[in-house]
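These are the structures, in structure tokens.
Two complexes are shown next, each including chain A; its partner changes from chain B in the first to chain C in the second.
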Partner chain A sequence: MRESSGSAAAYHLGRHLPFALSLAGGLALWELVGRESSPAFLVPFSTTMERLWELLVGGTLVAETLDSAGLFATGFLLSVVVGIAAGLVLARVQVLRVALEPYIMILYATPMVALIPFILSLMGFGFIPKVLVVFLFGVFPVLYNTVEGARSIKPEMLEVARSFRSGERALWRDVMLPYTLPFAMTGIRLAIGRCLVGMVAAEFFLSSNGLGQLIMSASQNFDTGGLFAAITVICLIGVGLMRLGFALESRFAHWRK
Partner chain B sequence: MSSAETNAAARIRVRGLAKRYGAFEVFRDVAFDVGQREVVTIVGASGCGKTTLLRCLDGLLPADGGEIWIDAQRLAAPIAGVAMVFQHFGLFPWKTVYDNVAYGLRMAGASREEIGRRVPHFIALVGLAGFEQAYPYQMSGGMQQRCGLARALAIDPAVLLMDEPFAAVDAQTREILQFELLRIWEGKPTSMIFVTHSIEEAVLMGDRVFVLKGRPSRVAETIAIDLPRPRTRATLRLPRFAELRERVWSTLMSEARQAEFQLSGG
Partner chain C sequence: MVDSTMPVDPAAAVGKNARAGDALVARLIAGAVILCGWEIVVRLSAPAFVAKPSTIAMAIPRVLVDPAFLASAAATLAGVVEGLAIALVVGTIIGLAIGRSRLVDVTLRLYVNIFYALPMLVVVPLFALWFGYTGAARLVTVVFASVFSIIVNVADGARAVPQEYVEVARSFRAAPLRSLFDVVLPASTPYLLAGLRLAAGRALIGAVVAEFITAVSGIGYFILYNSRTYHESEAFVGVLVLAGFGVGFDSLVGWCTRRFLPWYRRDRGA
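Entry: the complex of A and B
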């Protein structure tokens, strides 16, 4: 018993030690280079953490993070719901798919940041244009992967459903949706990353609050510590969301070999 | 059971059945009856339309002429009481064994209580007890087809359609599954149409063997298999089994040889 738990601990150590060492090394390097640099350009890790703590205690960080989170969640959920629903419809209705395919391809390929000035002049500042930006960043990977997924279903599967006299609703519930979900999940995982970019970009251009504005104002006020504190928070959120995305994907895709 | 008795009340009646894909006629004038407790096996060269015929019988493909009757019902689309076992197994990879076996019952509108009663029974019948929560990708081909068989049997079909069910499993597994299927069928005999490439399998399973031949193909020959039931491994050693296998073989090969040595474009 003791021996097996000991070897399990050794296994975990062997697996995670290089990662931990690398992380510690990176932070040490940051600390050293930061101490030698001009504070207008870079501050050490320790100063960043001090500033992070100040912002946290002062309440600014929590308020701005919540603000950003609301924007991210709204835009992301919209892009997931619209992307999956429209994807399924397009997979099923060939006329629509053929007609809309060029627009989808163009918009999927366009860097959405390029559209922000247009959205600004069209809708001005406010929550809705920001949500629109986040939505546009996220919707196309979901849409595209859903369409491709739903279309790749094997005719044999549909034949089995017909042979057992499945109705249309049961066909969607038992066959089309479970088959398509892993593909949609791949799109959703991509959308998480893109929506995060969209969130920061929207807050740069269309906002007076949120983590994006915290970065902007810190930068303009030569508050390099605040700048890196905000970047660190966004980093951590991004890593967390990515892991969530992979977990979701493997949860729904375990049956795909 | 005499063959007259077997066919006294035909369960399946096929009359003048024809199917074409564009200009290509797959089969024409296919006509036969299958009794309520009769097993008909269908053999024929690759591309002769065995599987197409079976899919017409399941209502998956519309015929281009003729009629199919199952009891008093004329077939136009898949009907209740007919179940198919697919060569590619046709299991849903996102469903467990339990949910795959329950699928046909659920589509047939069975009650929750009935599903809870029947599914474990049929899982046990095909020898998959203990694998209820396994997913298809975790199982061998043989186990997957056991699951496909349980799914078909669970809806208590009056007609079982077998589309080369053991063609995708290895030789040993195939032999095991053949005798499992015979055992299960003896327990509850139904109409069964069994399409196969294997002459041995056709003779072992069938009460009659239909040989599909020609272009367009038709039932060129019907060979009655008068081997005693229940059929077991001992059946394979009967001199009569060898005779019948030879007969089916020579009927099939007379055409296959011609086809092989025909010059293309001639």
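Entry: the complex of A and C
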């Protein structure tokens, strides 16, 4: 591919320069188009950054981001713990798995946002219903992939472990978990993205606070600069979380043969 | 998945049939338990307006013949299908370009990744601002929600096309565009369908969120309106129809994979 005589610095430059150029080009385009259009519809990049700075200095941005982060973390952790635990149980108890599979598939395919009005009327405005929304968005990919992973264990493995008189506990520790975890990681990566969507949805449609509220109030006040600033922040968070998810997944991927 | 290692002999086949029957019984029992549990919990502890299986079942025939509901369902379905069609065409073209051209890849990859990672519903207020509180905002949301998963998957597929295919096309002096559409595109179809499957789910969510925010008539708005006016059972029928759309798209794509790409599943199973 590449001449090996190039130094490491040149290699990194060659690797990252095109993307830096592409980013600069995109931002320049945003700036130009933004200056030409009505500020009610589109503000240039510079104005967005000014507004972002104002929000940052005023402390609103940090407070709302922390608020959102708490919601995201609670719902996400809950969906991971419940998803993996339920997935392992389903994988081990075949009757349950066979019986519940179609219902899980249906729930996985249902757009969860549609349940938000019911959660609202049942549980009202508060932290718990919002956590429930984030949880519902995230739990099914984890559950589904954990079950898939546990199913990929060859029956012979379990039989060998049995023949060596492995107890149920050793069986879980040495066979079930190591085989299932890499698959569960794929589910966790998917859940990160979906929980982020759930977080914003909960903040849009249940009690408003956090970054979702920032977006909603900016759009209602025709504060286009604030709207773009908030979207930019969520964009950065989304990209960061996605990278984290892929890193997690590939960290465990070599277990998968 | 069926384990392919199983020997094919009549006795095993009989065992299989018996197992399929058992599975059906187990599923029916599980379904009955879930429905009864739901009914009992709601009857004992929740106000009368809360949706429970018995009232939902009674609402189903009423809602399904309601012309207002049918119009809403048709509007949402049309918006989703139209948006998916646009996303499919645009996403395939951009995805092929990214997968086969280094220049396009370097220029666009960053933006595709950013927008793919962005939770799509944050842009719905912006689209409402740009396109008004109309069906156009829903259409744009659906396209935005679904196009990036198609781009990402088609680009992966186009990259994974065996080099020999492209070389053979070139030795037969196929024009680059022809080899793109006659060789690369068919070879990356499995990826395209996988992307479409993801895209369909995201498109449905996008349509519902757009209807929640812009109050454009559709199933999403039907659910919101009915649940706000204490017609939860009617609203829940809307959720069931949405879930039906979700499962329907999923099985349609799965059917297409089996029908048109039988080699794909066989390869993967081996």
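Note that in this section the second predicted complex is superposed on the first by the 242 of 257 C-alpha atoms of A that agree within 3 Å, B and C clash if a C-alpha of one lies under 4 Å from a C-alpha of the other, contacts with A are read in each partner's own complex, and residues count from 1 in each chain.
The rule is short, and it goes like this: a contact is a pair of C-beta atoms (placed from the backbone, for glycine too) under 8 Å apart; a residue touches a chain by one contact, two chains touch by 3 or more.
All values reported here derive from a predicted model rather than from experimental measurement.
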Query = Is A:M242 touching the first partner chain B, the second partner chain C, both, or neither of them?
reply = second
Message = So in the superposed three-chain picture, is A:A170 touching just chain B, just chain C, both, or none of them (first/second/both/neither)?
response = first
Request  = Using the touch criterion from the header, give the chain among chain B and chain C with more contacted residues in chain A.
outcome  = C
Inquiry  = Tell me the contact category for A:Y179 with respect to chain B and chain C: first, second, both or neither.
reply    = first
Ask   = Which of the two partners, first being chain B and second being chain C, lies in contact with A:V131: first, second, both, or neither?
value = neither
Query = Is A:V200 touching the first partner chain B, the second partner chain C, both, or neither of them?
reply = second
Request  = May I ask you to decide whether A:E159 touches chain B, chain C, both, or neither, giving the answer as first, second, both or neither?
outcome  = first
Message = Counting contacts the way the document defines them, which residues of chain A are shared by the two interfaces, the one with chain B and the one with chain C?
response = none
Remark   = Per the touch rule above, chain B residues touching chain A in the complex are 58, 60, 78-80, 83-84, 86, 88, 90, 92-95, 103-104, 106-108, 135-137, 155
Note = Listed in rising order, chain A residues that touch chain B in their complex are 156-157, 159-167, 170, 174-175, 178-179, 254-257
Ask   = Can you name the residues of chain C that touch chain A in the complex?
value = 1, 22-23, 26-27, 29-31, 34, 46, 49-51, 106-111, 113-114, 116-123, 125-126, 128-130, 201, 204-205, 208-209, 212-213, 219-220, 223-224, 227-228, 230, 232, 235-236, 238-239, 242-243, 246-247, 250
Chain A - residues contacting chain C, complex = 18-19, 22-23, 25-26, 40-41, 95, 98-103, 105-107, 109-118, 120-122, 151, 193, 196-197, 199-201, 204-205, 212, 215-216, 218-219, 222, 224, 227-228, 230-231, 234-235, 238-239, 241-242
